[in-house]
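What follows is one structure encoded as structure tokens, with my remarks underneath.
Labels run A, B and C following the written order; every chain starts at residue 1.
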Amino acid sequence: MEPFQVGAFLTAGVLVLTGLWAIIMMDNMLKKVIGANLVGDGVNLVLIGIGYRPGGLVPEVTHHFHASAVPSTFSHFLAFNEFAELASYPLPFALVLTNIVIGASTLSVMLALSVVLYHKYNTLSVQKIFEGMEED
Amino acid sequence: MFNSTLIPLMVVFPLIAAILVNFLHQKDRSVKTIAIISSIVAVIIPLITLYGVHLFSGHIRTESFPEMSKLLIPDVYMGIVYSYGPLQKILLALLTVMTVFVIFLSLNRKLISGVYVAMIFISLASVSAIILADDFFNFFVFTEVLTVAQAALVIAVKETKSHKAAFKYMIFGTVSGGSILLGIALLLGIYGLLNMTDLSNAIIAGGALPPIALTAVALITVGWLYESGLFPFHIVKSNMYENATPEAAALLQLQSKFVLVAMSIALLRIFSGYTLLKSVMLGFAIFTVVIGSVMALQQTELRKLLSFVAVGQAGLVAMGIGLGTSFSISAGIFHAINDVLSMAILFFVAGYILDSYKTTKLDQLGDGLQKAPLIGLIMFLATLAISGVPPFNSYQSEFRLIQAAVQAGYAELGILIILLSIATFVAIIKAFYMIFMKPGTNVKPDLAIRGRMHKTIIVILIVMCLFIGLFPHLVYDPIYNVIVALGV
Amino acid sequence: MLDKIYEIFHERMIHKGKGVGIGSGFTSEFLMISFFLIAGILVLRTANSVLFALGSMVILAAILFTVPTVFRVEKENTDSINLTCFYVALSIAVLLIVFFSGSEVLI
């Protein structure tokens, strides 16, 4: 494993643990939401770390590699040793992009709910909102 | 070629319908028309689709060049794969039929919000994709989409309790989603694969699971617990069912059980040689079964009672899957199918009670048989159905579960299943008595509410329960054959 | 002893459904007792038969002395977000420990 990857995974671990800590221990609703977001960010960093290659190229078949690059199967990439040896792993980037979009949508819903609950209770304290008298 | 279009259409069509009705929000007649037509078309698609596999963008199964790629298997799928077989057909047929019923009841309740109907279609598309997907990341994406759609269905009730329930659901949903994705990332890092079939072959080829893979298993199991509504997420799920409209709750519990089935099969396929996973699943399932039943017996409000019954029954399904034999897994899946029908009837009855009496608190209700004898009769029959009384469907599945438990060497679990049936019966018959037979009521029913739509739908569902109970082999045999073929 | 148990249930559950709740409370208590016994049996039967028999008796006696358990279960299963967070954290930890230890004893 490259030093960058080790650093990335350690940072991701810190992010995930911080996020979990915020969700479990924090009383402020917004801090819980931020914690939830941090967990997602940590997981994204793990994915990026997996796809890392030192000195890696952007994994797109450009004109440099094939004059009329129209990929229909993958076997012809074997001819591009240079590309195969230097390109970084493209799959995790697609996964991260999708996860960022998912994270954004869940964050927006959670923040909207926080706003509504704040307007109702005039506090962001989870203790007061969730542990108070249950309305029947 | 034709079939190749139909398989992804089971996901794409509801998504298109969702976008359309969302776009036409506040144009009530258009929304109603499109919702009804789309839901009926969504039922037809799974019935006319032939069994097969759909390879997105035409990426065929190809050689992996192991000496260069370091992959452990010689052939891999290069793209996203959806597979459609008899099990998927049964699940999708039931899912789409129930969605039609829920849409009809929601429109009947004058919930003609384009956004609300869009969320129902998005949840349908998500569960369809979860059932069909052979790609783990695609599976994860749709579980996250489902979480947001289900939260939206609960938020639509517009009460503070429902907002709180949705907030809790989203927070824990993000944790579990992160957990699943981290597990997928770790598996991708070790094996370089996302396709479930390929992962399964690679893990078998790779021998004993390394520690990172064990971490991945643990993390994905956390996600499985959340998606299924098992302990410790049973409270969050039951809170969601309780605070949604009863029709939405019927749909939510169905979706949760089908996601439980799909995710369990995915986990057991990928980690097929790892027996500790089944033991862990069994342990959590037993916990959920007991806690769900105990909590259901303590409730005095109908929807909360039914929520805990739904959670307990999900635990029973998971128990069948956790026992680990082909017989028990197919019995568990069969029970999921039977249980969603009877739970749906009970939730629809709760919907009628809520419409008529404006409350579902058992203390305040009574004399229901005078106003709605048919609803009372169907609720009684649904109670018998869900408790495993012959000739209804749950008898067939619970009997098979008990047999499977005894055959697997866990006769005590057979006793627990019988006790659960008794507990479920006591809980719901108590509610039946309080609503329909107890003399005197504190609230006057709204006599204008005739509940014709409710009555029609619950009669159809109880007939389905009876039909499956009398002819279980029509549903059970295809499931058993699929599970044996999968070799989980 | 049964009278004493009935009195405890009566006192706590009389407001739930005009006494109908007491019957369901009894059922849930019976279910909890059965669950503890079955869980104990499932774990102990892998050991020798003397330990199995003695252990089951001890569990049964312990449960009967701590009746009623359902009210404690009900308190632990409220809608509290903090309680759910606690059990989620506990479950994640238990899962990681169980899978990492790779123990085959549970099968």
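Throughout what follows, contacts are C-beta pairs under 8 Å (C-beta built on N, C-alpha and C of every residue); 3 or more make two chains touch, one makes a residue touch a chain.
Keep in mind that this is a model prediction, so the values were computed, not measured.
Novice: For the chain pairs B-C and A-C, which is connected through the larger number of C-beta pairs in contact?
Specialist: Per the contact counts, B-C leads.
Novice: Taking each chain's centre as the mean of its C-alpha atoms, which one ends up farthest from the centre of chain A?
Specialist: C
Novice: Please work out the Cα centroid separation of chain B and chain C, and write it as a whole number of Å.
Specialist: So the centre of chain B lies 27 Å away from the centre of chain C.
Novice: I'd like to verify one number: the distance from the centre of chain A to the centre of chain C, where each centre is the average of its C-alpha atoms, in whole angstrom.
Specialist: Centre-to-centre distance between chain A and chain C: 40 Å.
Novice: Using the touch definition from the top, which residues of chain C touch two or more other chains?
Specialist: Within chain C, the residues that touch at least two other chains are 79, 81, 88.
Novice: Could you say which residues in chain B touch two or more other chains, in rising order?
Specialist: Residues 164, 168, 171, 175.
Novice: Enumerate the residues of chain A that touch no fewer than two other chains.
Specialist: Within chain A, the residues that touch at least two other chains are 20, 23, 130, 134.
Novice: So in the complex, the part of chain A that touches chain C is made up of which residues?
Specialist: 20, 23-24, 126-127, 130-131, 134
Novice: Inside the complex, what are the residues of chain C that reach chain B?
Specialist: Where chain C meets chain B, its residues are 16-18, 20-21, 23-25, 27-28, 30-32, 34-35, 38-39, 41-42, 70, 73-74, 77-79, 81, 83-84, 87-88, 90-92, 95-96, 98-100, 102-104, 106-107.
Novice: Contact residues on chain B for chain C in the complex?
Specialist: 164-165, 168, 171-172, 175, 179, 211, 214-215, 217-218, 221-222, 225, 231-236, 239, 275-276, 279-280, 283-284, 286, 290-291, 293-295, 297-298, 300, 362-363, 410, 412-413, 415-416, 419-420, 422-423, 426-427, 430, 433-434
Novice: Write out the stretch or stretches of chain B touching chain A in their complex.
Specialist: Residues 62-63, 65, 68, 78, 137, 141, 144-145, 147-148, 151-152, 155, 160-161, 163-164, 166-168, 170-171, 173-175, 177-178, 181-182, 184-186, 188-189, 194, 361 of chain B touch chain A in their complex.
Novice: In the complex of these two chains, what residues of chain C are touching chain A?
Specialist: 79-82, 85-86, 88-89
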